Every structure is written in C-alpha cells, then in structure tokens.
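Submitted below is the structure of interest, expressed as structure tokens.
First chain written, first letter: the chains are A, B, C and D, and each begins at residue 1.
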Amino acid sequence: MHNILASVPAADAASGSYEALRTVRERTVALCRPLSAEDCVVQSAPETSPAKWHLAHTTWFFENFVLAPFVGDYRSFHPQFGYLFNSYYETVGSFHPRRDRGLLTRPSLEEIRAYRIHVDDRLADLLAAAPAEVSREISQRVTLGIHHEQQHQELILTDIKHLLASNPLRPAYRSAIEAGRDKAPAIVWLSFPSGLYEVGHAGESFAFDNEAPRHRRYLENFRIASRPVCNAEYVAFIDDGGYGNPALWLSDGWQTVKSQAWQAPLYWERRDGEWWQMTLAGMRPVDPAEPVCHVSYYEADAYARWAGKRLPSEFEWEVAASLYEQDGNFLDSGRLHPAPCGVEPRFFGDVWEWTQSPYVAYPGYRPSAGALGEYNGKFMVNQMVLRGGSCATPKSHVRPTYRNFFYPHDRWQFKGFRLADN
Amino acid sequence: MHNILASVPAADAASGSYEALRTVRERTVALCRPLSAEDCVVQSAPETSPAKWHLAHTTWFFENFVLAPFVGDYRSFHPQFGYLFNSYYETVGSFHPRRDRGLLTRPSLEEIRAYRIHVDDRLADLLAAAPAEVSREISQRVTLGIHHEQQHQELILTDIKHLLASNPLRPAYRSAIEAGRDKAPAIVWLSFPSGLYEVGHAGESFAFDNEAPRHRRYLENFRIASRPVCNAEYVAFIDDGGYGNPALWLSDGWQTVKSQAWQAPLYWERRDGEWWQMTLAGMRPVDPAEPVCHVSYYEADAYARWAGKRLPSEFEWEVAASLYEQDGNFLDSGRLHPAPCGVEPRFFGDVWEWTQSPYVAYPGYRPSAGALGEYNGKFMVNQMVLRGGSCATPKSHVRPTYRNFFYPHDRWQFKGFRLADN
Amino acid sequence: MHNILASVPAADAASGSYEALRTVRERTVALCRPLSAEDCVVQSAPETSPAKWHLAHTTWFFENFVLAPFVGDYRSFHPQFGYLFNSYYETVGSFHPRRDRGLLTRPSLEEIRAYRIHVDDRLADLLAAAPAEVSREISQRVTLGIHHEQQHQELILTDIKHLLASNPLRPAYRSAIEAGRDKAPAIVWLSFPSGLYEVGHAGESFAFDNEAPRHRRYLENFRIASRPVCNAEYVAFIDDGGYGNPALWLSDGWQTVKSQAWQAPLYWERRDGEWWQMTLAGMRPVDPAEPVCHVSYYEADAYARWAGKRLPSEFEWEVAASLYEQDGNFLDSGRLHPAPCGVEPRFFGDVWEWTQSPYVAYPGYRPSAGALGEYNGKFMVNQMVLRGGSCATPKSHVRPTYRNFFYPHDRWQFKGFRLADN
Amino acid sequence: MHNILASVPAADAASGSYEALRTVRERTVALCRPLSAEDCVVQSAPETSPAKWHLAHTTWFFENFVLAPFVGDYRSFHPQFGYLFNSYYETVGSFHPRRDRGLLTRPSLEEIRAYRIHVDDRLADLLAAAPAEVSREISQRVTLGIHHEQQHQELILTDIKHLLASNPLRPAYRSAIEAGRDKAPAIVWLSFPSGLYEVGHAGESFAFDNEAPRHRRYLENFRIASRPVCNAEYVAFIDDGGYGNPALWLSDGWQTVKSQAWQAPLYWERRDGEWWQMTLAGMRPVDPAEPVCHVSYYEADAYARWAGKRLPSEFEWEVAASLYEQDGNFLDSGRLHPAPCGVEPRFFGDVWEWTQSPYVAYPGYRPSAGALGEYNGKFMVNQMVLRGGSCATPKSHVRPTYRNFFYPHDRWQFKGFRLADN
C-alpha cells in the first residue's frame, strides 16, 4: 500500500498540473481498495459520509467547478449527480440531505468509478488544450480541487474508522500495528518572548482563503510543549477522576460528558483493567508513548486545566511550528495511526492539535467569489481551530498556516493537543 | 423470476420436510438476486432491516432453535453471530440494537451466503438422521422456521421497497408493471346475521400460537365489502379534503397527519396534477382499480368515517373470508404489487387489510414455552390486526385465521383495507 | 374539608338541575382552596394541566355548549377565552397548545373565579327560564357538563399531586394520612361460568356515549379477584427482580422500563431500605395493605404474568362488579388516597383498575352529534380501558359500565389492577 | 416607578457598603412589584427563570458566599434552599435542574420575601460588625453580590418579557410606550488607525475577572458606526429577502433560520402588512428609529454581510466606546425598551451589541479561587461577546470593558448590533 500512498510533493500539488491531479485522484481510489462495496455505501453517523459519496463528491467538485464552466457545451455525466453529490454549496443549487448520504445504494460503486474515469478524461483533455486566457483560472481551480480531494482522503479514513468501530466485530482496514509499552520522552518547553508577530499566509503558493491575509498579532511571552500529550499522561488524568470532576471542565463540556457518558477518548475500551483502542488495524492495547487521539476540545481543555497549563492559541502554535521542519507521520507513511512521540520537537503529523482559538476570520479576510466562497467562510462560528495535520493527512496538504476546524464536541477525526503556558 | 418464486404448497410448508425447507430457503436467496451487495446492507429506517440481515437472521433462527439443541456438540458457525442476528429474543441473550442493523458491512454478503449453506447442510444431515424420539419436535421447529422465513421474505420486499423509494433516483427492483386506467367494479355487500360464531385456529395443521385457541364470539349482524377500497375511491377522499379535516380522524391520527405532514398514502407523489406512486417496478401513475396500498390504520379509519362506514373487526373478516377460496395475488405471482380489483369477492392477497381489532390474546391463549414464547405474545399491545396477506406474502403462508399486526401509524408494508357496516 | 366534598347523589348528578349543577361547581372551587395562586398556574408535564386551567375549561364547556347556543345574543365573557380554554374540540375552532397551558399567568386566578361566577349566574338564569321546547336538550347538556366537571375534579387532584411530587420539598395538599403496617386479607376468587352476557349501558339514566349500546358478549368461564393487588404483593414482585426480567414484560413495556429507568411505581422512593411514596398528604411509608397505585398497564400486565394470572377483560370486570354495591373510598371521603383492602369483595373506589381490554367502540356505537361527538370517540385507539373509579373520583360519577381510558404507559392517575384467570 | 429604579452610582455600587447593598436589594423587589405571584413562578423556556427564582437565587448568593463563611455558626434559612437556588456552582454541591425551576410553586413568593429580609438583616449585622481582618474580603464579596444581583435584575425583565410574550393575550408589564414614525439620523463612521491598543480592565475599581488582565492588542485600522442598526434599516434587509437567501448566512445560522422558521426578530409579528413587536408595554408597531432588538448573532452577521460591512471585534468596540460618555437609555430610565437613535454617537444602553468576538479568556486570565471561579470562566466556549449594556441594564453595572456573552442563537435578551469596516 505504501507506494500508492506516496504523496505528490507540495509544490506539485499546487501546480495544478495534470500529473499532480492524476496522482491525487489515483490515491483516492487506492485508499478505497481495502474496502468492499458494502463498506463504501454505509453512513455510520450524521457527520460522517460513505466512502462512495466521497469518491463521487470529489469528482462532482471538478465537474461543477472546472468542466462545467470551462468546457464548451459540457454535458453532465448524470443529470441528478449534481443534486446527489453537492455537499453544501447553497448557491449551486439544492442538494441531498447530509444525513441521508448512506441511503444511496444506487448509483453503484462501479458507476461511481466510471464517473471518476469520465471526469478525469475530460479534465485531461481540458488541461491539454485550455486556451491561454483561462488556463491560469483553470489551473487555480484544479489546484483547489486537488487540495479539496486531499481533505476528503482524510475523511475517507476517519469515516471508515468510525464505521468499522461501530461494528461489534471491530474489523480492520489494514494489517496490525504493534503497540509499544515504553513511555514517551519528557516534554521540552519551548519559550517565546512577547512581541508583535506576523501570522497567516502570504505569497503565491497555494493556501485556503481562511489562512489570509497575513497580519500582525501581539503575543505575550509564552512557552509551548515540544510534543503533544501522550497516552500515559492522559491515563493519569483518567485515573485521577478527571471525567468525574466538574471543576475541570467548561460548562458545555461537562454537560456533554454527562449526557454522552464519556469516560475516555473515543474508541477506547476497558478490557480486564487495561485500556484498549480501536485503530484502523483493529483493536489493540493503548500505547503509552503515542499521542492521545480522538479527544474533543472539551477533553483537551479539561486535561490542560488539570495539568495546570492551557492550550496554545493558534497564533502561538503557528509561531512555534514555523521554526521546525514539516516532518512527521502523515498519510503517506501508511501507518494511519499516531506514532510514539520522539525526543525531537515535532509539530506536524500524528494528530490534529486543538488550540484555544475559535475559528473566525482574520482581519481583512475576503472569501473567494461565487460558490467557492462557501468553502470556508460560512463555517466561521462555533468551531475551534486545529493545527498541524494528522496521520491521515497527506503530507503535501498541510502548512504551518493551515487552519482546520471542528466543533468542540467532535472526536472522530485524529485529534490530540499539546500544552502551553506563560 | 416466476419459477423460483412458485410457492411450496401449504401442506408441504407445514410438513417440516427437508424438501419444503429447501424450497423456502432457496426462494429467500432468489428474492435477493436482483439486489447488489450495496442494496443488501443499508437500513433505511429504524423499523426496516437490511436484506443481508434477513438472510442471516432466518439462518440464525434454524441454528439457534434447531441445530443447537438437537445436534450433539454443535459449534456455532461464528461465535458472534448469535449476538448480531438475534432479533429480539431476550431470553436467548443480548443482541445488537435494531436501529444499528445497517452498520454491519461485515460479515459480507458472501460470508452470509456461506453461513446459509453451512446451516442448510447441517439441517439436511439432522433431518436425515434424527432419532425417532425427537423427530417430531424437530419437525415442528423446522415448520415454524419455514413460516418464520416466509415472513422475512415479505419483509425483504417491503424493506427494499422502502430503501429504493428513499433514493432520489427511485430505482426499480423488477421490470415495469403497467398501470391501467379503468375503474374497479362496484363493491358488493356481503351480509351476515348476528349469532355465536367460532373463530381461531384448531386442529393439527400449522398455525402460530396467537391464532389459538379456537373460541366463540358473539357478532351482531354485519355487512362486509366484497373487495378492498381502491385507489379511485381513495383519491376522492383526498380530493374532498380528507387530510385536512380533523373531524374525520382519531385524535392520535390527526396528530400524526400534522406532525408528519401526510397528504396521501406512503410512496405517492403529485406530478403535474396526477398521482404517481413508487412501486417495486419504479415510479408509475396510480392505477384507479388497484386497492389503495401503504396506508396507516389512521388513514383507513378516517376514510371509513368519511364514507359513512367502518372497518370490520378481525372476527367479522374471518367469518366472511372463511367462505371464499384462498386465491389471490401473492408473492408467488411475481407481480409484487396489488392487482386491479375484479368482480368476484376476494379476501386474500394484494394488500393486508387493517381491521378495527387491537391485537390482543384470545381467551385461553398460551404462548409457546421458552424463547419461542416471545415470538408473538409479547407484542400484544398498541398494535392492530391485519388480515388476508399481500402481494408480497407467500401463498402457502396465510390462512383465514392468520393474524398479522402493526402499529397504527405503520405504512411501509403492503397495507390496505375494506369497509363494513351493520 | 369533608363536608364540601360530600357528593351530589348520582340521580341528582344526572338531573341537570340547577341544584346539582351548583353543588358540583362549588366543589370544584373547594378542591382548589388548599392551593395558592402559584400552585394553580404551573403545568408539571405535557399531559397534566394547571388547576386554573381546569377551573376555566370546565366553565368554558358550559359557556360554549350551553350558554352560546341557548342564550339569545350571548356575548362571551372574554373574546379569547374560547381559544385559551377549549381543550381539544377541533370542530369548535383552533385552541391553545396543550403543552403550553402552564404559560398562562394571565388571566389571573381571580379573573377565572369571576369568569366562573359570571357563567354560573347566566346558567342559573337560563335554567330558571328555559323555554319548554329546549329545556330537555339544555338539561341533557348541563348533565353532561356536570359529569365533565367531575372528571376534571379528579384531574385537578392527580395533576396537583404530580406537581407537588415534582417539587424537591414534597409539599402536602392535605393533612397527614397514617400508614398502617398490617397485611391485606387474602384474595377470594369469584367464579363465573361461560355464557352470553350483556354488557354496556342502556336506559334513560346518564352515561357517556362510549358505554353504549348495551350488547352481548360471549365469555369463557373465568375467576376474578375480590380485591386489587396490594402493596405487599407488589413489593414481592419488585424484590423478585420483576423490573429486571424481560421475560415478564410486553415488548413495548420493556422498552419503557429501560428508557425510563423504572424500578417501582410512580412516586415511590427507596429510603434506607424501605419504600416510601408521595401522597397528597406528603411523603410517608408504603402501607402494605393498600392497593398498589400509580402503575402503568405494562407494570400491571408484568405483575400478572409473574403471578401466573392475567388481567380481567373489561367485560369480565363489569359482569362481576355489577353484583356488588358501588361502595368504596371515593373523592367524597376526603382521604384522597387508597385505603387498606378489607375482607369484603369490592370493585369501586380506591384505584382505577387496568383491564386487558383496548379502548374501542362497542358494536353499533354512535358518537354524539356535532362537537360533543369528539368527547370520547376520537380517542378509541392506543389506549386501554380502566374500570371502577378511584379515591379521587366523585362517587356519583361512576357506574359499573363506566369506561375510563389511558395510554398503557400513563401512571399519574390513581391506577391499580386486580387479577383474573380461567 | 422611576424613583425606585434610580440607580446607585457606580462608585457606590462597588463600595460594598450597606447603603449600596440595600439600594440594589430594594430595587430587585421593586422590579417584581408589577407582577403577580402567578407571573413570578412560571418558567417559559429552559433558558429563562421565574422571577421568584431570581429573587431567591440572588439571596442565596449572599447567604452562601458571605453569611455562611463569615458569620460564626450561621444556620441556613432553610436546609434545602441551597439545593433549590444554587444556579450552577458545581463545587458548592448538587443543584435543582435548570429546566425545572418553574416547578417550584413552593416555597411561595411570600416565603422568598421573608428569606430576602432574613438574609438582608443578617448582612446588615455582619457589615456593621465585621472584624477588620475580614472586612475587606467581605466588602469585595458584597460588591460582587451587588453586581451579580444587577445582572439578575436584567434577567428578571428579559425573562418576564419572554413569559408575557408567550401568552396569547400579550399582557403588559408597564404602561404604554408610544412608537414614533420618524427615521433615525444617518450613521456617522468613526475612524481609528492601526496600532497597538490596550484593552481590558486594570486598577482597583470593580470588574469581573473576565475583563482582566488589561493587555495589548494590535488592531488594523477600522471604522465603526456611531449608532446601532435601526429598525428601518433592518426592515429593508427583511424586504430584500434576507431571511431567504442562504448566501448571506453562516452555515449554522442558516440551519437555525430554517429549523426555527425565523422570518424577523424575536417578538415581531406581521399585522395587516405592518410589523408589530411585543414590548414590556405590550404590542405596538415597530418604531423605525429605534435600534433593532432581539436578534441573534446569526441575524446580526447576516445583516452585516448584506450591508457589505461586518460586525466590530470586541476590542474595536472597546477602543471606540472608551472615548464616549457612558450615557444612554438604561434600566434606570424606566422605559425598558430601546429609545430612538439620536444624532450623537452613543455606545451604551438601549441594546447589548453583538461583536464578532467569541468569548474566550484574555492572555493571562486567572479565574477567581474557589466556587466563585465558576462565575465566568467555565462559559468560555461557544458563546459570543456583547458590549455596552441595554435598556434593562442598571447604569452603574456596565463599563467600557464589560463583557457580556450569549450563544449565537440566543435572542431573548435586548440584543442589537452596530456595523464596522476597514
């Protein structure tokens, strides 16, 4: 599996070239190869989507935003696919309700594969022959489509993990991953002085609209941990009664803990006094040195309070992370699970890291024009920013300025956190 | 398709013979042949089940109630199938929640087919060699299993219809069925004098425990219609504002009409001023002469009030139906849709008929011993009795004394009704 | 309190006389005397109503069904009271949603008292001077209004009990009632042979439309208990794990037990290993000899199965009860709580008794004409019949043929049950 | 009414003196004077509380946080009031569920008044005789209690408005307020250059912990409106189809608009083509010159997008507001409704103003120690900051640094907004 998952380099991913496009499109299909048609059709929660739907939606994205506007008299592959596979673009037209995506046993997986090939072929034709006056716009949209598809590659993995974990048989997507028994190295605290810092994206390289504009932030002096909180540390929080002590929790978090009866991260189970967890390789014991994963913002925040620390802001995180290489355990490694923490400071891969920053617009933010303006801007309320990418993120997809965002109660992505203080 | 759906004769169905068993088991598989693995795994509502689950559950029924008790050191095909495919037998053990049956992408459809073959083979061995002292008990349980499986054959069809109707593409299970344009012949009113009647099942032939004991009922004189209410008649009720007039409805029915925004039977859609309906052959216009189908008890009752009539009691229905041949449009015909009403009185097939009788125990009712006692008895509250069988019922499955039962708001079975008065 | 609660005799209650009317109207006011205005305005559950609402609704009933049609150019006391205090008569017009009855802090309790006096005065005028040609119709409607108001007298008590029990202070409506420690006398089994029996109401005396017509029922021979199941017996069921054994329960009942976490009758609490219960006199220990009270149909049915018996049908109950005096512990005694069972067979008072009979129409049932036809008929689905009246029922209100009805999960009325078998 | 509502000066409010305390405590009682006991007991929504509960809870606050710790062997007024009237202090002990506050018909309003007098008397004793070593701590807690009670004065008004608006009679709390017909003066745009600004509270004067510490923010240059958006402007948004155009809304906002069927601000009704609104003085036409009121964050944000502007951040708001007098239409005026906008820039009173800032901790924020640390800190997620105070806020209660916070969908407070841009 490793070869096919090897990522296109970031520069290529942003080139809008046919080569980059083809590599990414093929990888999406490769990710579904361990799955049966049955696995690809079922939706296990309202917030997840079937793999088949991801395969179709990413194709619709190119059809709707590239082929339809730039190929003269383009005819849709199927007249109702626009309705079925539009995710949430209200300005494009009405769409199938999100919670009902799992009802679509037709079109079949085979038909969706044919749909992909059809659209890929038309894209190849278009890119080979696009007139000069639109080729830059086409290239930009293809680049956006590539990054969009990379996001759905991660979702295919997190959604299929949710589905397999919902099955009492706890089936595996990939071969076993051994769980170590060692502790993680101690956290090193990285210090930064107060001052005006620049954050956000600038320049010609690809970034989503929500990363811009680059702008100044005044930060107080802060310290940030060299690595995320690991499982052994989190187990200490559990053992200390963390899930039963309201003084540690935000009010909304405490309501959630009680109403959902949370006692541990998502996918953890107690077996004979030991914690086990569901992974894409099936059930196995929790590895003490791996970053804790599948926690909500509420749990991250409660742990930090218990530890006498806090979560970093997204700006602190970005300032610190910018000093380090973007190395780490990404989708490309094929592990598809966080790896044990090492000695060297690391900010990328393994787990998306909750920050204490609500997801809002940067000063001067302007959403893209037209329907693509719905891509990021309309979600700027009620969600929190996560940074750094995970073991399910393509390496070429992330950047130090990259802003991911989820509701504070969401847990099904590969989410962890690191600590900060002043 | 017709040949494989040809029914085993009722006498054979109740023989507990291997021949009868094999015929029924093969038909279940045949019913799923037009379906893809994707079609077989999805659950479109909490009250429906995936076809794959039906295939597995009917197999578990034989494994649990025949093989396990009667085959020395029988080893389950899979240690967790008892948990996954037990429907509701609390005394057998805990079971997978009903609403989550659609999450089981594993075991695959192929594995379930292997499970069926495995159990069928063991059953063949057992039936060929059962010691005399248990063969009668085995034969009775096999007979029960056959009738149980016939019930699930109907559910496979009604559940798949619900799934396909939930798909905006409205795909078809079978080839097209033409819709006629003619009216149904007028209703003939069949009269019965008041008196003591005997109803219920007696004798050695197979019946469910809820049909017994045979007992006396005093009935006032009554008249009962020779055929169910047909679509043209029901459209007149709609056109007269039936769905907007609370005076016609039971209070609970009116709450349901308002909260569910019902305007017509399930699966009906208005297109350019004409009523269309989803069938197992896809969308087509409503045929005026066919019995109205997919209505709730509330709708049947409201129509009857509008028409100045009432629904028959289950005893009136049984007394009348016993005088007629058990002919009609059953699963065996392969039509899988109600057929236009004819001139001759007919009580069987086409649509299950709502009666005004709540589903309760007959005087002296005794549920079967052990877990099989949960088969019928524990549902004797909140449901209404339906009689006669439908176009999705195997012909050999029904009898004049047969009592089907559903909640008054349920509509996804093939349900209609006929009128009565005094 | 006793004097004012002394009932009008049944014959008078049905006389439609001004004397009878005045007695009943005054008693309703008297029942609210121990309550503050605050107590009278709050609604503690969607199925209960504030006492003030009962005071107003019973008045509206007379205004709408007697004054409006029979007093020339009658002008409503308040133009919006028809909207506010119509309970559910769809054919009269739209009405305030049931769940919002507790939002009506205005009109004040004082205004409602003035409304009552206004309507009572107009009724006195009307009854004194009604022309002969309508006096019979008026008298019938006044009689209906009297019985309607008696029903609401019971509801005032059960609804206020629910409210006071919802208060952590567990305040009392009346002075303390001692709890005895003795057992109840043993049950005597009363036997009846099989045969055709007549049941239902006939004749000129007052009855609700749902008690008619009198008709024949064929009953198998049966035995029925001389008294309801008492607390000591019910505690044995609890102690034997009755609430944890699914084999004893109807399927819908078992779902309810689990989802509502029922462990005992409503209003029971475990304190230091002993069962206490909320009464209209506040909290006190459970008296072993009193009939068990505030149980659902599901609990009654489960107990009966545990005891190897069954519940009687409403017809068996009526046949047996007709042989006994209508004596018992009614509202009129002022105890407002079931009294310990005695030696003599008794069928009336203390607790309404669940029967195994769903609430449906008798053969030939005709609802009253017009809006009053909504009084009983539209509730004939999903509910079960209870018989006999309770400690909160006016004695003159019940009859052997009287049919009360509630949903099988309802518990807030004074409901118990007795056993039967064959 | 005006005299009694005249506010204690801000300096006094923060003095912790008995005079200040008494003034505030008396005003709370005065606010309830137009209400009946019935009005004071009912809870019209899970997020509102009965006036009686506010009267009791503010008293419990002093009893629990001042009397209990500082009066030797203090005995609670009632052993269960701690349970009943603790709002949400988990570290103090368990408490009555918020949604059930309206069930407490007992203790009566009279008893709560006695409770207030009892606690006030003990406070007077304590303040007169507190030993020097604790008098500062006592004084600080009394000051906090005063500000806490001022918050509940506002809630009494907003909650009673919600209750009266839920009543089809639309009763009034105070005498009529005329609605003008004139337009508001044009908005003036106030400009500020980019730079490092200081925001937040510092110094000895009273402020809540969430206003501190004072710290630096780098702001881009911005413009801010001299007044809130007024009704005439908002009606133009409605008339332009604002509530039907998803492109204007945040995604969560659009879901809310659809699921709640919002078409206008809370309390607005269309009558004969004109907009009317519920006020504390009853129903009256919408005044074009008044600030729009009772809108959610979603509506404020959608309006701003429609107008081509944005909402200010809480820091922009504070920087601008600090330049102006804290004059305006507060609770003290007795109008209890926003007043028409004038020509002069004004930042205080009339309506709380939504900002685009999520409610989070300032850098270096430290919650107070002990249970009082739950006052503000545990709500720092999912809510948005509002600034400036409203027509229901005591004048001495607010400051330029004051941060109010509510969920983005909340509308029942007096909430409006002003625009900003760059």
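In the analysis below, a residue touches a chain if its C-beta (ideal position, glycine included) is under 8 Å from a C-beta of that chain, and two chains touch if they have at least 3 such contacts.
These numbers come from a predicted model, not from an experiment.
Asker: Given the pairs C-D, B-C or A-B, which one repeats the contacts seen at A-D for over half of the pairs?
Answerer: So the equivalent interface, with over half the same contact pairs, is B-C.
Asker: What whole-Å value do you get for the distance between chain A and chain B if each is reduced to the mean of its CA atoms?
Answerer: 46
Asker: Determine the centre-to-centre distance between chain A and chain C, using the mean Cα coordinates as centres, and give it in whole Å.
Answerer: Their C-alpha centroids are separated by 59 Å.
Asker: Hey, how far is the Cα centre of chain B from the one of chain C, in Å?
Answerer: 38
Asker: Show the residues in chain C shared as contacts by 2 or more other chains, in ascending order.
Answerer: Residues: none.
Asker: Considering only which chains touch which, label the overall pattern as line, ring, star, complete or other.
Answerer: ring
Asker: Which bits of chain B are touching chain C when the two form their complex?
Answerer: 88, 90-91, 196, 215-220, 246-247, 249-254, 297-298, 301, 356-358, 360-361, 363-364, 374, 378-382, 384, 408, 422
Asker: Using the touch rule from the top, collect the residues of chain B that touch chain A in their complex.
Answerer: Chain B residues touching chain A: 36-42, 44, 52, 80, 83-84, 96, 100, 102-109, 163-164, 166-169, 171.
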